[in-house]
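Look at the two complexes coming up: chain A is in both, with chain B in one and chain C in the other.
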Partner chain A sequence: MSEISSAAATAHVPAAAAPEIPKLPPRQWAKENLFSNPFSTALTIITTVILLTISRALLSFIFNPIRQWDSTATNMQLFFTRAYPDEQYVRVWFCLAVILILTSVSMAVWQAGSSIPVARLGRKFLAGGALLGILTLLAPFSTSGTIKWLLAAACVAVIGESTRRFASSGGTERTVNSLTVLAITLAGLAASLWVVPYGHYTYVANREPRVLAEEGTVALTTKLPWTIMLLIAVSAFLLGRWIRDRLPTNPTRVTLLILWLLSPPVLIYVVLRDPSFDMGHVFSTDLPIFVSYAIGGALLLSWLTRPSTGEAGRIVAVIILIAGFCTFLTPMRMVVRLDMLTLAVFALAAPTFAGGPRNRRRYVLGWLGVLSVMSWLITSINTPSTVTVPGGFFIGGFSITLMVAVFTLVLSFPLGIALALARTSTMPIFRLLATWFIEFVRGVPLITILIFFSIMVPLFLPRGMHLGEVAAVVIGYVLFSAAYLAENVRGGLQSVTRGQHEAAEAVGMTTAQKTLFIVLPQGLRVAIPPLVGHCIGVFKETSLLAIIGVFDILYIGRIVIPGQTEFMGSTKENLLFVSVIYWIFAYQMSKASQRLEQRTGLGER
Partner chain B sequence: MTDTTPVEPTDGQTRDLSGARDMIVCENVSKWYGDFQALDGVSANIKEQEVVVVLGPSGSGKSTWIRCINRLEIHQQGRIVVDDVELTNDLRNIEKVRSEVGMVFQQFNLFPHLTIMDNVTLAPIWVRKKPRAEAESQAMALLERVGIPEQAEKYPGQLSGGQQQRVAIARALAMEPRIMLFDEPTSALDPEMIKEVLDVMKALALSGMTMMVVTHEMGFAKEVADRLIFMEDGQIVEQNTTELFFSNPTEDRTKAFLSQIL
Partner chain C sequence: MKSKFFRLLAMLLTIGVVASACGSDSEDAAPATTAAPATTAQVEVVADGSLLDAVKARGTLNCGVSGSAVAFSETQADGSVTGIDADFCRAVAAAVIGDAGAVNFVALTASERFTAVQTGDVDVLMRNTTWTQSRDSSVGMDFGPTTYYDGQQLMARVSDGFSASSQVADIDGSVVCTNVGTTTEKNIAEAALLAGAEITLLGFETSDEVYETFIAGGCDITTTDGSALVGRKVKQQPADEEWVIFPSTPISKEPLGPTYGQNDSAWADAVNWTVYAMIIMDEYGITSANVDAKCAEAEAEVARLCGGDGELQTGMGLSADAFHQVIRQVGSYGEVYNRNLNPVGLYREGSANAGWLDGGLIYAPPAR
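Take a look at the complex of A and B:
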């Protein structure tokens, strides 16, 4: 009886958990993974030797006394913003603050960060200390230098080991949020600005070291702003947490995304606005045009999206389209024409989105959004009316790299997707035009396009219309990027199976609905890796702007700083610094793409 | 499979549908893929509330025919009229027919990036322009009808094949179609999952839906079908009421086919 009951009891026990893979002691681990047979032993030894040689070479390069690292530290402002006027510099900090606030709030709302066991953190410190020790031994230091660095390494290792002990002593596993670690690290860096005089440089003239600038130039001007930035970021994160806990998730996220999309045009306006700019033209011409289109278009579209309007709507839409084309026959403002054409496109698509009051309101809001962005862009490009978009630009360095990359990507994504859709469409005209465009642009080198747009486009523009050089180049770059992007997206679209198309058609979806709800979401997800590759490529290839005379970060590091009398020939140091900056951003992009893939992978088989 | 209503087997007893009107009319439908003729003068009428099972060896054109009926394939000759709407190149007619005709595929073809609930409600909201709340309550009712209301928030990849196919049926039903087409709905399923899908289909047939089913499930055909159509080489070889088809096939090819699969 007892045997039966025990058998029954075991039957109810869930299947045993998979056996835990035992953690090997270091020596055994090394034996199994590194020295398991003669070949792997040889491989291990050769790799170690190569790694050590490279590290030593790199360290000898960095710590060579003839390296002028001060040239990098002193020229931080040049690197990041070029010669942005000092008295207006608060605008740059303002932009940075806005970006930081958006980032922090988004991180809180999207619940970024994970909890790390303190013990693992301790182990990382321990390993870091050991690595630092090894590197110190490799580096070409004097004896006192070696001892100093070894002491530092030992300190790090001791901190790590004691943290580990402390964490494992309590019995329960202690964890810490990765964002807390990040905040503490950043706080440490900000605090170091108050202590260490970065950018206090000397140079050898007539064999006599001389201090040129006042002490701690960089630290002096940036310690207060950076501390404020840190405080802003932390408080924005707390605000984000408060928002996350109290407001509904989805509307918050949508609002944040919209803010992110709006931030580039707004920030560029903040940075580049001419202080002596006259708003008269905007109030007298641009705003009235915008307002009349906004009100008229909204009324028209809310009528067209009413289900009872029916086929009459299409006729009205076609009339608007024809009228839009006719505007090109008579002289008038470009804004009026473009707004008219956009309105026609919205009117043509309106019956597809017809429905209840909620759908209609959403559609009208979409029109208002597109109209606002378009009006803003046109207004800012038309120099006589508003902003000095980078014409005689005084901004440069890394900020111009970022600006060009962001604008190129933001504008070329919709264009690229549209091109990909056109190329896969069943309508021959669209397919033909898209194919020609893509094949033409892909056949021309980027430099050609950049030079063409910077020199030729201003010649083709109608009289009275000016386009800043960078704006012209960005347009060319957008076209170039869109052509490549379209091919990546097309690859993704083609991976969507025929069955998905058929299922969408079988439930009665129109082509637009099928594309929007079924094909694009799946196709774009597949295309994430090549798309991120493309983003990184666009980001790095902005360095070609130097050819048409834009002072981007690479140009500054390669030509400008090594040409300063104090830092003659400091090319190598600055190139290394520039490549580190590029790497940090590119690496963050690929990390973001991995996270994006994981998130969107939800529900995949 | 617990929630579907038990099915009373009709055992091939023919319902009297002679007075019903024609839901699908096919006249001399032909289709070619390049030089290969997939359909060769197919003519058949399907009446309202009738359940027709199409049989035949693979490559006989059954799937092509059924897919022509909601114009996933385009026929090149002949006429197809669905619920008094003729299928032509006119997009409005195609949209009308597709919203009247539900289709269930062999490979389920659920939308993998959407939850089960979104799979079912997407078309009612955007094609039928229903308010979301109404579409969701209807979707819940349908999911209950096919026996998987508890899976609504999952993704298709997390469901078994049989569950996925039942969601696909619910998705088609959400458009409130008057005709349902089934293209080998159980061929991609493991044997133990076939029954749960067939039970849903039986319940649907009993509720009076007009159905056209391509299948190799003879048990289902015997039990539920009003009429059987046997196809080979793109032609209809024989069609008859279920009883007569199995007891007294007239054509030699039908006999050979039946002797192989029964």
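Take a look at the complex of A and C:
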């Protein structure tokens, strides 16, 4: 562990040194900041009283004996994966492992983490112990309970104080990497699973009192998988460091980004949904379509990316685009149409990437890669699932919250950027269409769009055609999110100065090249804070799905669990739990955005 | 002039794109999949025939339930669905497919439920849906035999001077809590008007919020279907209080039963006679425990329902032992009722849900 900390510490890019604020002893600090004049003294006292009152109310809510916290503990599985079958649960763990590996490797490759002085850590512990002590005195515990908790608080404080003394004893300032601290914390949590039964209970169908979950059920077997997950994450981090030190940076990062983009559809539709491929259908239909598009598209694109073809290629591309839209007028397979539209997009962008044979080969390979991933996903999505789950969709609870948020963000980003570009473009049709779309969508509340897509759209579809509720809702949400995103991006685009446009034109860039390589990178950088705000908003607003009856985590906490005979009247407990889960994730996103801003130097340049 | 032309062009283009997107999508014949409708656009080959054949071919029954109605359809911690509504879903699956486990429970909100039937997302609704004239006619539903006779009642504290013999007129000047978006609001307002009582009505989104408020003293009276009131009284009445449910004759009639799309006689027969068979078997005292023995020595009506001599199931498009399977795998009416509703304090004796021989309303036409 110390090895990690030293390596990451040296690798950390030092931020511009802020002016040193002199450290004051606590009493003087309090005097200067809290009690400097009568007004601030009064403010300090009033705020303290308010804070103490709120904490006391919250604590007496949480520790009230009538609270049914076992409703939350018993329903952990329902909260996170709803009805995903026990015997297939290894798929859920697999998905989690993949995400953890990607996260750890990315953290290593992007050199996340910073060094924290051990002394500061000690002070934090000391403060935490003090806070725990105060809260214990406020909480409605019995005398023995109070003593127990006070002892725990004292232990924490003592650990903190001795750490601080130890750190400041040696003369040189000792530091520890924040990732080490994170790993130790997680290890502690995983270890506690072996001792504390957080959600190891279940009710059996014949309504006997609560019993421990049976051997082999998910509720009883989370401790081993979580421990394995932690080990996987740590070893993936070490692997990531090895990769970072030995492989070139940029290809690694690009590969990781592609893997991140691919993971949501692959994990959800291939791993969790487990399609059972009908090989006859695959060989007779899917493969021929793929092969013809691969060969035809590759030939076309290699011609279009020839520098000698020039801008004439765009005319061909537009013809393909129109042909792509025309495919919707005649009955044919959806995959043919989607492939056609993708090819049109590639063709449109081709002249921008025109160049020597190496460039052309890369572009064609890019097309083949996108086409094969797309065909594979479409085939597996259209294949019946082998996982049978009660309900309309195979995942639910927090997984569907995450899934809808991720899909909405991933799909609405390109759409939003395209809308922003269209709205700022000089071509009147694009500008008008984009403006109309944005203003129309922004004028309608999200819940209206969601209700429209979940209830009305199925009625408009031709008889015999089904659009899954989740798919319908994601489509509606993507349109909504893209409209807002477009306005954020437009703000960024407009901050790119005229001189940048002119300079790009002066060196002979085409409009597409100028947009792609000059305007967008600078515009998006400026738009990072509102974009992250948008991401957090999208994540939280998935809770509106609860209103239209999608089994997301809020719906389960608010409607489903209080609808169990054993847990009538347990809404408050479960709502508190759900809000804590939302907070953890939203807070992490906002922390990530702060780090991103620091890295890109926003606000400093 | 120019900008007008462009606007017109843009509009035409939009219409064209929308029209083409909504156009035919017929050939997208992905194989008619068995389980849940996936996220993608899937086209199920819908025969012009009855839903009965479609369900048999599919091998699973898509059954619309609430998923969060205490004792009627609850989602358990592992995601499974239990309750009396869920058991009737299983019964229909046992009759039509032969396997009570072949049910895909689709949880629906009150506003989604009829759309789900119309779009074919569910084959039958077992979602405590009241049989009303408008739903039977203009909404386009058909209703099966009532499986639970419910009715709206009121609940108040004994300490406030209410008793089981209180009437709606006695609630004059009270604050009444109920959930919004259902007919309970309308029913209590009408009943109070008729009885000449002036009340303040407070609406809440979920029933849990109603009872939180009631327990906290925010209202004097709560009102909803009697079945829910009994459950709340059993589970949530504080030790130092006594709640009472009144009037003994409910202020509304809420017959709950299976609901399906209209004009599909074969499907309606299959669902209805599954329920009737469970009621008839209950009249003969047959349960899942003794059905095999009783069927072996049965005569006349029971023999016909068991699939013996003179059976009528084959003519309905079911297998001969369909109802035998229903009783064996799910149980008779009384069994299903007691299993699910007794834990929340609802008993058949003396209620409208007793058999007709015991003075109740549960009655089935003869199987001959």
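Here is the rule we use: the second predicted complex is superposed on the first by the 486 of 605 C-alpha atoms of A that agree within 3 Å, B and C clash if a C-alpha of one lies under 4 Å from a C-alpha of the other, contacts with A are read in each partner's own complex, and residues count from 1 in each chain.
As a convention for this text, a residue touches a chain if its C-beta (ideal position, glycine included) is under 8 Å from a C-beta of that chain, and two chains touch if they have at least 3 such contacts.
The structure presented is a predicted model; accordingly, all values stated were derived computationally and were not measured.
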Checklist entry - A:G355 contacts which: chain B (first), chain C (second), both, neither? => result first
Checklist entry - Looking at the overlay, what does A:G296 touch: chain B (first), chain C (second), both, or neither? => result neither
Checklist entry - Of the two partner chains, chain B (first) and chain C (second), which one does A:P288 touch, if any: first, second, both, or neither? => result neither
Checklist entry - Is A:G537 in contact with chain B, with chain C, with both, or with neither (first, second, both, neither)? => result neither
Checklist entry - After superposition on the shared chain, which partner residues are touched by A:E502: those of chain B (first), chain C (second), both, or neither? => result first
Next on the checklist: For A:T510, using the defined touch cut-off, is the partner it touches chain B, chain C, both, or neither? Pick first, second, both or neither.
Outcome noted: first
Item to check | Residues of chain A touched, compared between chain B and chain C (which is higher) | outcome: C
Next on the checklist: Quick one: is A:V470 in contact with chain B, with chain C, with both, or with neither? Answer first, second, both or neither.
Outcome noted: second
Item to check | Contact residues of chain A, present in both the chain B and the chain C interface | outcome: none
Item to check | Interfacial residue positions of chain B with respect to chain A in the complex | outcome: 70, 72, 95, 98-99, 101-103, 105, 107, 109-115, 122-123, 126-127, 129, 131, 154-158, 168, 171-172, 175
Checklist entry - Mind pulling up the chain C residues that touch chain A in the complex? => result 3, 6-7, 9-10, 13-14, 17, 20-28, 30-31, 33-46, 60, 66-71, 74-82, 103-109, 111-112, 115, 118-121, 206-209, 211-212, 231-232, 235-236, 343-344
Item to check | chain A - residues contacting chain C, complex | outcome: 74-78, 81-84, 86, 202-203, 205, 207, 217-219, 269, 273, 278, 281, 325-326, 328-334, 381-382, 384-385, 388-394, 396, 428-429, 432-433, 436, 454-455, 458-471, 474, 548-549, 551, 556, 558-560, 562-565, 568-572
Next on the checklist: List the residues on chain A that touch chain B in their complex, please.
Outcome noted: 307, 354-356, 358-359, 497, 499-500, 502-510, 513, 517-518, 521-522, 525, 600, 602-605
